[in-house]
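In this document, chain identifiers A, B and C correspond to the written order of the chains, with residue numbering beginning at 1 in each.
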């Protein structure tokens, strides 16, 4: 099998070829074995009959009044008769001198021999017997030979059968080889299919029916999946646990600080308490966003897409954040536009939108309005958040999406700088993007989150 | 108002209890779900503040079970976990709202007010002085039968004055009540809102007077 | 027709370069001759001529030279002298088999030969086309008042009981000179010990020895002898003119059946035409039911009807009695029995 350099033959083709090759070799071996076996059996049976013939002639050798006579039994030759009418030759020697028979037969030694005679191949058997004539020992040698037409024909018949047998064996093996190739390749295809068909969140073990040879592969794959699943779960658990561990004490301290602030009158103490609360807020927000960011990164890595109703999601968030905005006498208006269905992870998109709304509430001044709107622009669904605040420090606000980047003009407002990063990453993970502008149809910042339409 | 706080962290619980009591609410505290279930079985609460991670279970499962039993008491979930994964779940389980730890008491109050306003409908929580009546829950002020709509900060400011009539309330305290701690505002910012309130209260029998150097005081008949 | 052809018979001395002994040479010329088939045969011309003329009628342009010889002379002609003949037809099956076995015959195969039963062909070289029983021919005159013997045993008893009537009036083949006689005798001897008892009895009654079946038939018919043993039944049947004087008995204990065979010698010049002649022989014998041919042909089930018929098997067994020592021993015993001092 010659292969083009660098190509990898398919398992099915390789397996099929290997099986076919071995089947062919086996078929040839089978043919050779049967043929040689048949030849051997044929030769043996002819030898046996020839031996019997010779023996019966030797038996008929007798000495009468000092003279050797041989009364060849009729059966000595009739037993050699066969369907192919093989020709029979014989010779009887007395001490090397021809007593009777074909005196031109080649010389033979006791035993079996195959020799040419009268343009034929002769199988001959020679046996000897010692006799005593008038007290003198003599040796009688009887040779009986027969042509091998019958044996040749039998051999030919068996060879033909062996050829059919070999061909049949090869044909059957070929069918089996092709089947085996398909079954094997099929198993691999099934495994590949069952792995590739599953969604990114699907970390169940592979349970497709596999031949035992492939069980180690499936086991390793399942073990890998299990470890991955455990690691992911552990990461999620860790993030949740870390958030809990950090936030609860912060909440306690902050609540006490706030309560204390109510009771304290001395201005310098009040100032300290306020600073403390601000610090708590800053660190808790930083921790929260860090953990959020980690979770977003985790989920974005194996994004699971499902239809998301951006309007419903945004409307719910706006309602949720309205009480917070109202604390600053701010109003959030949501202009629900026509949006098509987008594919995405609802939790991630919600997180992104919430961070943007948080920012707007945080950085825009009191008693202003935040306008949220959705619309379709070509193949893109857009969510735009406009505020009436100070806007971004420069026309192109893209650097703000870097981690911990904060606008130069944002001092005095608690923030970690991760909000835009999270929103940007979520947008990218969904094949969309985040745009930030100043003054798009009014004063203040304008943030647009866009997702591809399904 | 009668609140139930389900929170296993006793220090945090103490602070919240302290604050809610200051604002005139009656609050029971349960440190675990079993105790909470006992309280709910015996008392009608206006609102339940429910932590998620509790020693004897997940607050969301508890909430789910309560809702399955037909209990309609509004619930605000307190969550310390990742914002990403918990929020949707809590709302799906039947919570009315949720707030992340650590929280600003102002936000907690706002959320409580919003939930109560949404859920209790006709229930009122009025304070009346003369011809001026104030419903903190609905956020309305009625002066001589005339209903005046208040903005959020006005409402909260008025709530402070109506909550302590005749007392001098120093400006810094009012700043703390109206503004978040991350805003750098001067005490003079309060004067804007006091001015607005005075305009709303014109024609009423109550008035906000300035006590020079000390703060303000609500004069009631 | 036959007489016309017979008139063309040439006498012995006219034959060139023939060292073997030819009894008769008959030419069957054809118009526009293209091929001359030389046939060496033991069959009497008179009996065999119908085959030849029928063949020539179907195959114009083939003239045939028909040499009548004794069976042993065929051996001399083909084996020793290598005389060129296209066909050898003989009643001596053993010699025909030996010719084939020794490589002096050509193989031939056709639809006709393949249709022959396996026992009627050997080595695709020797083909039987007739089956002719060895019969006992009796003189009607001599057996007046005597029961006809149906078996050898009955014949033995008859001969013993009537030595005066049969002494000197028994005939059989001289197996020393007649190939067919030797074949019949050896097969008889092989088949049953009765043969040797009969030989003893016959020897004791000064049996006359003959060269040929036809002579024996004529002598029986003429009353010169009373019993002829191992006479070719086909010859006797053919002599319808003598049937008033003879009985033809097929012994019921066993009847040896000779198969007349044909082969194409190695030396044949026209093997293709010779093959056609063989086909014709086989076919004619089958068609011979209407009596057109003297020889009852080979039929696949021709022998199954009568259990006592013992056809001589074509095969290497026939070589046994051709063995020099075997033959010497057989003849010794035969002579001891048959040629008894008076």
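Brief remarks on what is shown
Please note the rule applied: a residue touches a chain if its C-beta (ideal position, glycine included) is under 8 Å from a C-beta of that chain, and two chains touch if they have at least 3 such contacts.
Everything numeric in this text was worked out from a predicted model, so none of it was measured.
Chain-level centrality, scored on Cα centres against the all-protein Cα centre, points to A. For chain B, the chain whose average C-alpha position is most distant is C.
If you average the CA atoms of chain A and of chain B, the two centres end up 61 Å from each other. Chain B and chain C have Cα centroids separated by 145 Å. One inter-chain figure worth recording: chain A and chain C are separated by 87 Å, centre to centre, where each centre is the mean of the chain's CA atoms.
Those residues of chain A in touch with two or more other chains do not exist in this structure.
Within the complex formed with chain A, the residues of chain B that make contact are 9, 11-12, 15-16, 18-19, 22, 53, 80-88, 91, 97, 100-107, 110-111, 113-114, 151-153, 170, 172-173, 176, 180-184. Of all the residues in chain A, the ones that touch chain B in their complex are 236, 239-240, 243-244, 246-248, 250-256, 258-259, 261-262, 265, 267, 270, 274, 277-278, 280-281, 284, 288, 291-292, 295-296, 299, 316, 320, 322-324, 326-329, 346-348, 350-351, 354, 362, 366-367, 412-414. Contacts from chain A toward chain C in the complex involve residues 69-78, 80-81, 83-90, 92, 99-102, 118-120. Chain C makes touch with chain A in their complex at residues 100-103, 118, 121-124, 190, 313-321, 323-326, 329.
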